[in-house]
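Before anything else, here's the structure in question.
Order of writing sets the chain letters: A, B, C, D, E and F. Residues in each chain are counted from 1.
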Amino acid sequence: MTDHPISRFPVPDLDDMPDDIRDLMTSVQEKIGFIPNVFLTLAHRPDEFRAFVAYHDALMERDSGLSKAEREMIVVATSNANSCQYCVVAHGAILRIRAKNPTIADQIAINYRKADITPRQMAMLDFAMKVSKDAGAVCEADFETLHQHGFSDDDIWDIAGVSAFFGLSNRMANVTAMRPNDEFYMMGRK
Amino acid sequence: MTDHPISRFPVPDLDDMPDDIRDLMTSVQEKIGFIPNVFLTLAHRPDEFRAFVAYHDALMERDSGLSKAEREMIVVATSNANSCQYCVVAHGAILRIRAKNPTIADQIAINYRKADITPRQMAMLDFAMKVSKDAGAVCEADFETLHQHGFSDDDIWDIAGVSAFFGLSNRMANVTAMRPNDEFYMMGRK
Amino acid sequence: MTDHPISRFPVPDLDDMPDDIRDLMTSVQEKIGFIPNVFLTLAHRPDEFRAFVAYHDALMERDSGLSKAEREMIVVATSNANSCQYCVVAHGAILRIRAKNPTIADQIAINYRKADITPRQMAMLDFAMKVSKDAGAVCEADFETLHQHGFSDDDIWDIAGVSAFFGLSNRMANVTAMRPNDEFYMMGRK
Amino acid sequence: MTDHPISRFPVPDLDDMPDDIRDLMTSVQEKIGFIPNVFLTLAHRPDEFRAFVAYHDALMERDSGLSKAEREMIVVATSNANSCQYCVVAHGAILRIRAKNPTIADQIAINYRKADITPRQMAMLDFAMKVSKDAGAVCEADFETLHQHGFSDDDIWDIAGVSAFFGLSNRMANVTAMRPNDEFYMMGRK
Amino acid sequence: MTDHPISRFPVPDLDDMPDDIRDLMTSVQEKIGFIPNVFLTLAHRPDEFRAFVAYHDALMERDSGLSKAEREMIVVATSNANSCQYCVVAHGAILRIRAKNPTIADQIAINYRKADITPRQMAMLDFAMKVSKDAGAVCEADFETLHQHGFSDDDIWDIAGVSAFFGLSNRMANVTAMRPNDEFYMMGRK
Amino acid sequence: MTDHPISRFPVPDLDDMPDDIRDLMTSVQEKIGFIPNVFLTLAHRPDEFRAFVAYHDALMERDSGLSKAEREMIVVATSNANSCQYCVVAHGAILRIRAKNPTIADQIAINYRKADITPRQMAMLDFAMKVSKDAGAVCEADFETLHQHGFSDDDIWDIAGVSAFFGLSNRMANVTAMRPNDEFYMMGRK
């Protein structure tokens, strides 16, 4: 499977990347043993690469009323709705690890309404899907529903932000035909 | 995870099942080590159980221009389009085993257009999805496209039949909240 | 109109059919005066034919909290939503006869919400349509609504089963270009 | 069935109608034996009534490259797509009579792609449905396709006009819960 | 921009128009300084022209519980949903003038749920959009919601009528590629 | 109109913003005379603000085979499809200015297929809309179509990137109820 291209666009050699981007690659590789293809694909455009990573980290690493596993739930549900192979496979792996649950990612990708999640998480994903599919119809009643489940206004911004940001990521992954690394498929399954 | 119900409807004890159905359960269990929850769920209605199994086997076991792996590809693609957790997880496992490919099932479930399949298989899945989503628009041009990929009329019936039968299965699994056995998630991944 | 083909696929001669299938054809013909084209079309595949008839009878002939006319209402509403000429025309005839009502089938096919039916039947058809169009979103609230209209859990299985089974039938009829017998159009109209 | 209301809105007595409208009612009744409920329903608003009838006649009575039966085909296909009971039932009757064909109306209502019509009529209905569902996407390529089937630009205006006018009619019939006269169901079936 | 055609169809010279239609053109031109292209386009078909104008005036000029500005709100919301350039631009101008509000038309066209309107007007537009997109699902609960906002049954007819009539207008404008006069873009913006 | 809130979320005072963000505000205000509400709204989250601006500039300011006006066309078409009031109004203004064309923005927002644009721009917008609505179906044939119109692979990345980034922006604007500044409505109209 190693001869399938990572991206429909040119992927720069590590040597040809700007230092800050190469350093990021190296550091991720040291940590998890391989470089996720999203990094290699987006490195074709260094400025967008940097903004993408900054946006990602701003949403996914911040202190939030949503746990990191919950944020990954939003990624996985949104990404399957957008038919994004890379994001479902890669973030499915991260979700399994963060939630310490080998089946949760597949459940949420296919149908979060039947997944082993709490009513609060169900409401979170309902809203994330509305943001993804019909954000123009979001209204005050949605905020009220989420408040009743204990989400603050800033938590709601987080749900929307993660869904919206990965909607961007899903679209770029589909247009670039970004390929998930084989490693992701098995991560966190045991 | 063992305390989640298998089905929203009553699941009969093995002792209370008709002999032919219990025998089938026992024989499957001996072969793969557990009883798939679809059998236990549908055993609530013995006559439908028998018709379901007969229909399944008529399509999935017959000699066909489609390999068994190809038929499972149709199941997996159709079932994710119908948000059916049970069928994507269980038949994803079967597809991995039949195709001897640990990543193909996830690829096809999420977006078969980006999967590692042949153009012929792509045409097969395009048609299966049309049958699933808009069968009323199927027309002679669809047959011609499939003929050009080497499918016979009877192969086309098979594609349609598998997509249509699993459309039924998907709907029943969603209404009964049929739960995939935990075993399926890992099968064929190595 | 007699020279239009019944099916896009080969239709076997009565003489070439397995005995059990030919006997069924003969017995139906004696009862209603003609052989419905669904039988002739599906006889191209004897094993699927038998499973189809068994599944049909298991759902449509069983004792149920739904009357036989009500089950035909589900068939007609589902089949028009799926643009299935054969099933709307043939089961429209059966519905008119079972309900002793010459206008009910056309009303339900076109827009069941405006048909001369009870609120309970309206709820039944609302659920049947949800199963047909978006079964992945079926949830406990749907069961509660139906319970309030007096449906038991097993009645709900019946509604889902009929909608799902005829979803299969609709897809096969559209792919095979199954033609309704001319006789059905007038049955039960007076 | 006679005690079902014709319309959700008030229906004026013949005596209370303006003379021109009452005269039209009387003249239709003399011709076909009953007053179609569309007239009685819309008489609640005399000015709209007159404009509606004038628009209808301008499209349906004019000399055109489309036969009157073909124009009724457009009405029937459009009206089922819009779930309009009144228009499918009433214009189905007119289509059967104009085409001297007892089965054509049901065929076209359910799925015109499987109806006993010519390729030219199929192209006509394809365009009528595009006008009904996605007129904003109509483009020069649609005109070229229709020209190839022998339609003139003015014929194309007619197709669009009939589809658009009955889209209006379908919406008003659904909002007023306009009920088809029982007489229509049987007209032209023999 | 003056060399873009007004319509894809022939536009008659003023001299060749029937007297009543030419008189209407002249009178509008005297009042607003130019002839709206909808008049010139539809003059290709005098009978339809007259019925169109009569229908328009019956709905838009009548005494109603809806103000004239509110009726234009319905036109603008419906027309953007139908991707109709002519009607959004021309009626956007009229709405700005009637409402004495330079921003309201753009707001409503793009997303009426975020526009500076009252809850009553929001309910009016919700219903107008339902009539436009899914009139077959209109039911008694819609009437009740509108009654609670103070709309009478006849007001509801008006909402439906305006939405339905401009649905017709939108479709004809898209098929004829009717071009908005340049003058409309700036009217009422200051 | 000045008392409508800019955002559903808290908007920080200029004095409370980090220096780099306040400097950006000040510099924009000096240039165009007011601070666009998107800046004020997103300043609630400084890290996301910075990533958003960086991403925006990486796409919109880079050297590209797409002119700046063409990139704004993509923004306007995408944003109306996503019902985003802020982005249609604000970027409509920018498009009018960049294209030196007072009517182009409204034309493209409502229906780009009827706008005064070149076939190359039409193909660009067709692809942008596919990325927005169904990116999972993007395939090699789309690249070929765009190549035939003279777009390079990197131009195609730009089209996708702009559509995807503003899809994110549209969702955040709808969830925050971001209000367009009144100034934008008139900019570039003369």
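Keep this in mind: a contact is a pair of C-beta atoms (placed from the backbone, for glycine too) under 8 Å apart; a residue touches a chain by one contact, two chains touch by 3 or more.
Predicted model, so just to flag it, every value in this text is computed and none were measured.
Participant: What's the overlap between the neighbours of chain B and those of chain F?
Facilitator: Common contact partners of chain B and chain F, which must touch each of the two, are A, D.
Participant: Under the over-half criterion for shared residue numbers, do copies chain A and chain B use the same patch or different patches to meet?
Facilitator: same
Participant: Among the listed pairs B-F, E-F or D-F, choose the one whose interface is a repeat of C-D, with over half of the contact pairs the same by residue number.
Facilitator: That would be E-F, since it shares over half of the contact pairs of C-D.
Participant: Once you find the CA centre of chain D and the CA centre of chain E, what distance in Å lies between them?
Facilitator: 23
Participant: Between chain B and chain E, what's the gap in Å when you average each chain's C-alpha atoms?
Facilitator: 51
Participant: Just curious, how far off is chain E from chain A if you go by their C-alpha centres, in Å?
Facilitator: 44
Participant: Identify all positions of chain A at which a residue touches two or more other chains, and write them in rising order.
Facilitator: Residues 83-84, 111, 113-114, 136-137, 174 of chain A each touch two or more of the other chains.
Participant: Just spell out which pairs of chains touch, all of them.
Facilitator: Touch list across chains, by label: A-B, A-C, A-E, A-F, B-C, B-D, B-F, C-D, C-E, D-E, D-F, E-F.
Participant: Which chain C residues qualify as touching chain E in the complex?
Facilitator: Touching chain E from chain C are residues 111, 113-114.
Participant: Across the complex, what residues on chain B touch chain C?
Facilitator: 8-9, 44-45, 47-48, 50-52, 54-55, 57-59, 62, 82-84, 131-132, 135-138, 143, 153, 156-157, 160-161, 163-165, 167-168, 170-172, 174-176
Participant: If you look only at chain C, which of its residues touch chain D in the complex?
Facilitator: 1, 4, 79-80, 83-85, 88-89, 102-103, 106-107, 109-111, 113-116, 174, 177, 179-180, 182, 185-186, 189-190
Participant: Could you pull out which chain D residues touch chain F in their complex?
Facilitator: For chain D paired with chain F, touching residues are 136-137, 139.
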